[in-house]
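What follows is a short report on a single structure.
In order of appearance the chains are A, B and C, and numbering begins at 1 in each one.
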């Protein structure tokens, strides 16, 4: 069972990891030869980099003209605690923090619903495949699954674009809402959001589904070989009941953990899909930042996303330990 | 002991070794999955090696009308500059595979070294290394890849470096846990008793026994690196002027190929990655089944 | 005669951890070897007899220094083996060998039999030619009954039966002409038909090679067959030791008598406990008894008041026969 001691140990662990991410974020621009942030900052590169006001503020807030790295590091940490991630070069005068917070809800909507749909249907497909284990249907769909799970997410999105937004124009090709429209009520607003989010979410869900389905299938096949399954069958319960009730229930938990631990993929997928559909979330913003050499924004995005994934991981981990004592057979 | 006996013994031994090699080959081709995997791999390798002789056109010059769908002279159609898509695809195979294979090589090198070190020294070394590995495993790789690519000069070698530096942690975990379990095996104890040094035990007894598992993970590394490179290229990172499956998709996106309905430009690279991924996965699964079977004996 | 191994007050305990979390309140200490003293003479087979979990393997692993003790000493030719450094340690490895319990696991599956058996020669005889090494390997394989040896050289362990593998392990342990070989239940994984053959091989090796064996077994009949001397082990402690015929003909400790099954228990109430071989009872039992008093008290039909509070000392029954029990003083 879970003890307070265990919780504290996990917490310390996750704090160390978060601290690591924060430190990586500080070190990266400083150890890379050529030091693009610093050079570009003063030489004046693309975007707003030349803006003397930006330079002055960044230099002052992050102590960039002081060569002492420990001094810079302590300033960086202090600023971070106050939520200051610097100023965006491109979106000046907006701060990095406000730019990200503005975009984040769209990403959460996309990633969250994509994951839920993919996990839900993936688990069902997995049960079905485990059920049909060894048949032609199983090997066919398992193979298709393996194939899709190695295809880049954005490629699936491109195909969907051609199929549903170009060939037959059902869905919009870009944006989160129709530009320049005023809404009569909240429902038409929500409707517009869903209409725009449909293709991106579907793409993400289709890309993630095989991962969960295969995981569920394989876990279930393993569970079905365990002793208690044989006991259940020996008890005279019908095969189907055994498979559904016992194997599926016992396999769902590990797969759910996998859903939590695969957030890294989800994030990567969401970022690329946003760019593809010009969907104004963090991923699209990241693309804009890359195109305009907006280094503070890129780093801010890296940091916020990392911290969120680390936190989510921690929660899933704790949740799993709470639920772990296996579902009993009674 | 007379020489004749020893010589005859040696001849018999050569026969035994030959039959053993034959057995492995037969086992590899007996399963449909591994046969398929090997065939796919061979197909793309041939494409990569002989690509420049097979490609019908120079991919960088205009060889037909712009945006033309597949035809007899251009089996995969042409792109927005009238370049031959099939030639892009064939030539691009080499770079994509090259990235996959070299990243797999370097990250396997790092991962195996770290895993062996952690497992060999144990204690604090192990604790520190594994904490670090855990951290790299939890931090989402893609945003980190993006930042690193943005900072480094946009070359294929940078991409290989970045992907190698970030892909090894899983391998090191696998290797470490293998070391820990193999350490407890009787034959390791027997070597210790024979007076063998710890280092030699590590490289002669422990490492060789986990080569199949390392190989399986190398396969996963290859496909992971190809996909990651395509993702970075899609974001315009790395060398966008090099010809590979990722940059094909990058230019297709930049030039709105999807909106232009130019499916012939988009499908080949993605489908190729999918088929290669399927083949490699099947090869890996087949090998791991063979390991399980061997252990069952 | 001067003894080659002298064990003095040897103690080894393990932490038996329960559950996922190490070092929490569930951790308990198991005394696998508790203050054990005895010696092994040249050209002698000493059998260590005890039930499963009594610490026989642990004792064996300590003697070949696969484990470090909590306290106590093992002297090899007068030197404490736990203080040996590099070269002396190598010399010790050369002279003290062990045959492991599980023949299916003690040969590297990737290497040919020759590669496995020749390994000690590669380490200790760096200048020997390959041909000479091969001849020595062949000679040693033939000694353990692998005939014709040449046929086995390039085979992998996977192509051999359990009995053949155990012979290979024996050949490998014997190849440097060690002074002592610890054989940890070398036949327990084998068919009954093979056992006698391998046991006889080992007895013959004792005479031809001037080697001592420490023979670990849970079966007193095997011990009787093998041993010059016998050592009865119960929950980490020696309860009786001595010349084999003396111990077998005049079993003195209640536990030894149980093993030999010569004396029926007096009290029928006690009889059940006495006869119950709790094979895997291990940990709880061991912990409950490791505190004070005789380790056998819970099962002993003759248990007395003082047995529960004090541990008995070893007393001499005859010249080479000692027992730890209050029945004898």
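By definition in this document, a contact is a pair of C-beta atoms (placed from the backbone, for glycine too) under 8 Å apart; a residue touches a chain by one contact, two chains touch by 3 or more.
For clarity, every value in this text was computed on a predicted model and none was experimentally measured.
Engineer: Which chain would you call central, comparing Cα centres to the global Cα centre?
Structural biologist: It is chain B that sits nearest the middle.
Engineer: Based on mean C-alpha positions, I'd like to know which chain lies farthest from chain A.
Structural biologist: Farthest by centroid: C.
Engineer: I'd like the Å distance between the centres of chain A and chain B, where a centre is the mean of that chain's Cα atoms.
Structural biologist: Roughly 24 Å separates the two chain centres.
Engineer: Averaged over CA atoms, how far is the centre of chain B from the centre of chain C? Could you give it in whole Å?
Structural biologist: So the centre of chain B lies 48 Å away from the centre of chain C.
Engineer: Measuring from the mean C-alpha position of chain A to the mean C-alpha position of chain C, what distance in angstrom results?
Structural biologist: 57
Engineer: In their complex, what parts of chain C are in touch with chain B?
Structural biologist: 64, 66, 90, 93-94, 97-98, 100, 102, 105-110, 116, 119-120, 123-124, 131, 134-135, 138-139, 150-151, 153-156, 158, 169, 172-173
Engineer: Inside the complex, what are the residues of chain A that reach chain B?
Structural biologist: So the residues of chain A in touch with chain B come to 13, 16-17, 20-21, 24, 28-29, 32, 34, 36, 143, 146-152, 154-156, 158-159, 161-162, 165-167, 173, 263-264, 267-268, 271-272, 275-276, 286-287, 290-291, 293, 295, 298-299, 301-302, 305-306, 309-310, 313.
Engineer: Where on chain B is chain C touching in the complex?
Structural biologist: For this pair, the touching residues of chain B are 1, 5-6, 8-9, 12-13, 16-17, 20, 185-187, 189-196, 205, 208-209, 297.
Engineer: Given the complex with chain A, which residues does chain B contribute to the contact?
Structural biologist: Going by the criterion above, the answer is residues 131-132, 134-135, 138-144, 146-148, 150-153, 223, 227, 230-231, 234-237, 249, 252-253, 257-259, 261, 263, 266-267, 269-271, 273-278, 280-282.
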